[in-house]
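So, here's a batch of structures to check.
Next, two complexes with chain A in common: one pairs it with chain B, the other with chain C.
Entry: the complex of A and B
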């Protein structure tokens, strides 16, 4: 049984579709949720955490409808995007109180300290929330999601306001939790960070899942957007001519190498990435050309997302 | 700013049992003994609410003010009982003693009813300023999301808030009134007072609970709807000051109808208190179901307001 199953989920706000027929099966590990504002990320997260009732379909936590069975939420931790707290509470008191809401009794204090330790917030556990910086508040928010040691973590923009070092720590924590068997769902607008910890990404736009899966797989499916590859070779013109002749590339742009007067790099448009990667070493050997560098220019989550949204909107990005 | 003292010992942190796997350690179900019963999920909500109020100095002042009345009556009962013991068997002083007894605290249903009614003013003020802290801020600053994503049903959230507010009110009404009842009975010549005054005890419990729970329901509705202290105070003033004046004026003008009085929440409480204590009154001579229906309408409106705002988390921001 998958920890999270979302079936035909739809949410309507009057005549506006917040979500439209979303189907997802999420397994332990980290899943990135990516989409622009209004894509339906928050709506999906709110339905998944039992705060919103779906207009149609169901969101299941270990097979139980999260809206109809509040007890299912014991296995779920949620860190919302906004940081509205009880400002007069200390960080420890807040996390402890949230633990009690999750059903923790006498162990709430010890578990709250443990969660604060995990998120690096133990150092300021006695500080009042109103005196905490944005980064501190993010850590406190994350700690309250972890306090009852849930199987599923739903984190809405958890890296906002955290400095670079803190972000690395948080990402390591997500990896550690995922490694321990937790299902971590992270939404973020900083795609590189999501990409750094997971290849499983769900792309949302206009309330629909426009693509999901490993980033490379999704990129490979974009037939209308051949992968752009930057190649630095010892004889770029000869290599370019041979690649065009073989039909492995559909376009070539010569790009002057930075700091060089006569040396060019090749920017290739590659429709069939796997065939290209298989054939390139043989071609280079055959032509006696050395290849120094091979860099995909638009395989990042951001670029893929741009293409996907462009296709969804009926144009090209 | 005072910060919570924090001492962390290794023993404070839960150490996983040696047989537990990593996944087990991260699963709440592996530690069912730590969990609070689901039926009691409302208690942490009440606890948070009470803590928020009790921590603020202004509420301590109001509670102190509310208890002055109680301390005065308590001291007078003690003083008059002592005086009665001293003057026992003497003709001199019996007249003034009896006068003081009848004037200050008679131990009848009327005296306990009047005590609770006199406390209502402080209760009204206390609730007006604590409404935002107890309830309004959850909606205004979207802290509601922390509650609704926990294994907690909406009615349990309501019940938690209701218990917190009712406990606060009963600290000023029901509990001191019960203390006065016990004190009065204990300082009598015999304990017959307790046996003879079962109707009074019923009246204290019923009226005290009505004031505690009824005013709390009203506050939850108003605070959920208006959220800000200033707005809550204004509407509270409208209900408890302006409306009674208006109904009085209209009632005087339209002498033929008593039903205008039913708009006055104070009047409804007073009518109920007379019924509970078995006190005959000329306050109202209409159908008895009308005040009950009017009270139910007030509570119904407040519950509807609270419920609609709890569901309003669905609105996309």
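Entry: the complex of A and C
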């Protein structure tokens, strides 16, 4: 049984569709939720955590409908996007109280300290929340989601307000949790950060899942958008001519290499990436050309998302 | 069950906010000053104390205002602070969450209202009247105030769950329905909670002459009937609140 099963899920706000027939099966590991504002990420997360009721379909946590079965929420940790707290409580008291509300008994204090330690918040555990900085509050929010050691973590923009070092720590923590068997669902508008910890991404736009899966797989499906590859080679013109002749690329742009007067890089449009990668070493060997660098320019989550949204809107990005 | 019990405790702790206690203390102090001032010149009698202090400023002003403050805060505080999200994601059903939050407010509401009645009786006794032992005097009013507190708290709790600006609506209710309509001759006053509170009070203090100024206009119901009505109002609004809250999504509550 998958930890999270979402079947034909729809959510209507009057006549506006917040989510439209979403189907997802999520397994342990990190899954990134990516989409612009209003794409339905937060709605999906709120249905998944039992805050909103689905208009149609179901969101199941280990086979149980989370709206109808409150007990299922015991296996769930949620860090909301909003910055609201019980301001007069200390960080430790807040996390401990949230643990107690999840059914932790005498162990709540120790587990709260453990969660604060994991999120790097132990140093200011005694500080009142109203006196905490945005970054501290974000860590406290994460700690309350972790305190009862849930199997599923739903994190809505968890990296907001955290500095670069803190973000790296948090991403490492997500990886650790996923490595320990948790299902971590992260939404973020900073796509590179999501990409750094997972290749499994769900792209949402206008309430629909427009693509999901490993980033490379999704990229490979975008036939109308050949992959752009930057190639640094010892003889770019010779290599470019041969590649065009072979049909492995559909377009070539010569790009002056930074800091060089006469040296060019090649920017190739590659429709069949796997065939290209298979054939390139042989071609280079045949032509006696050395290849120094091969960099995909538009395989990032951000680029893929741009293409997907463009296609969804009926145009090309 | 652990988490539910903790929510009761948590809600109780959240209600112990200084500003709320200060409001209760100020209102109590004003009435206590009135009692002390009058008692200084002329010792209170049971009848005048019951009618002019307990039935009037206490039952029709202090009690509704205090229960309004506490009742609308049951859900209203979390709604205002946007902290309801931290409760709605816990393994507690919505209806039992509402019940826990109301039960968490109950000790404070009862503590303040019963404590204030006892305090007023003590102030009146301090100045040489009414001519009854303090415990007997207080005991005459305590069941009435307890039933009134339950009914008001459940009503204002429901109001706080349903309406975003429940405090304003509650204040309007206190003045229009509980205070003004309570004066109107005929059966219309029976929609107010204060009517049944006063009926219970008049029944309990009847032998000491505590009663309405004009029996024919007031047309009280019996003490038992009033008590049953108040308990029914409390249970009814509690169940209504639980049902209503269980059907709401988080977005409706923020």
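Note that the second predicted complex is superposed on the first by the 317 of 317 C-alpha atoms of A that agree within 3 Å, B and C clash if a C-alpha of one lies under 4 Å from a C-alpha of the other, contacts with A are read in each partner's own complex, and residues count from 1 in each chain.
Keep this in mind: a residue touches a chain if its C-beta (ideal position, glycine included) is under 8 Å from a C-beta of that chain, and two chains touch if they have at least 3 such contacts.
Computed from a prediction, not measured in an experiment: that's the story for all the values here.
Novice: Based on the superposition on chain A, does the combination of chain B and chain C result in a clash or a fit?
Specialist: clash
Novice: Comparing chain C with chain B, which touches more residues belonging to chain A?
Specialist: B
Novice: Taking the superposition on A as described, I'd like to know which of chain B and chain C A:151 touches: first, second, both or neither.
Specialist: A:151 contacts chain B only, not chain C.
Novice: Is A:131 touching the first partner chain B, the second partner chain C, both, or neither of them?
Specialist: After superposing on A, A:131 lies in contact with chain B but is clear of chain C.
Novice: With the two complexes superposed on chain A, say which partner A:86 touches: chain B (first), chain C (second), both, or neither.
Specialist: Both: A:86 reaches chain B and chain C.
Novice: In the overlaid three-chain picture, which partner chain does A:34 touch, first (chain B) or second (chain C), both, or neither?
Specialist: So A:34 meets neither chain B nor chain C here.
Novice: For A:117, is the partner it touches chain B (first), chain C (second), both, or none of the two (neither)?
Specialist: First partner only.
Novice: Report for A:205: first if it touches chain B alone, second if chain C alone, otherwise both or neither.
Specialist: neither
Novice: With both complexes overlaid on chain A, does A:53 touch chain B (first), chain C (second), both or neither?
Specialist: It touches chain B and chain C both.
Novice: Tell me which partner A:109 touches in the superposition: chain B (first), chain C (second), both or neither.
Specialist: first
Novice: Quick check for you: in the superposed arrangement, does A:249 touch first (chain B), second (chain C), both or neither?
Specialist: In the superposed model, A:249 contacts neither chain B nor chain C.
Novice: Output the chain A positions appearing in both contact lists, the one against chain B and the one against chain C.
Specialist: 46, 49-53, 70-74, 76, 78, 80, 82, 84-86, 97-98, 100-105, 144.
Novice: Can you tell me which positions in chain B touch chain A when the two form their complex?
Specialist: 1, 3-6, 8, 12-14, 22-23, 25-29, 31, 34-36, 38, 41, 44-45, 47-48, 51-52, 55-56, 137, 141-143, 145-153, 313-316
Novice: Which residues of chain A touch chain C once you look at their complex with the stated criterion?
Specialist: Touch residues, chain A against chain C: 46, 49-53, 70-74, 76, 78, 80, 82, 84-87, 97-98, 100-105, 144.
Novice: Contact residues on chain C for chain A in the complex?
Specialist: Touch list, chain C to chain A: 2-3, 6-7, 10, 14, 81-83, 85-94, 249-251.
Novice: Considering only the defined contacts, which chain A positions touch chain B in the complex?
Specialist: 13, 16, 18, 42-43, 46, 49-53, 70-76, 78, 80, 82, 84-86, 88-90, 92-93, 97-98, 100-107, 109-111, 113-114, 117, 122, 125-128, 131, 144, 148-151, 177, 179-182
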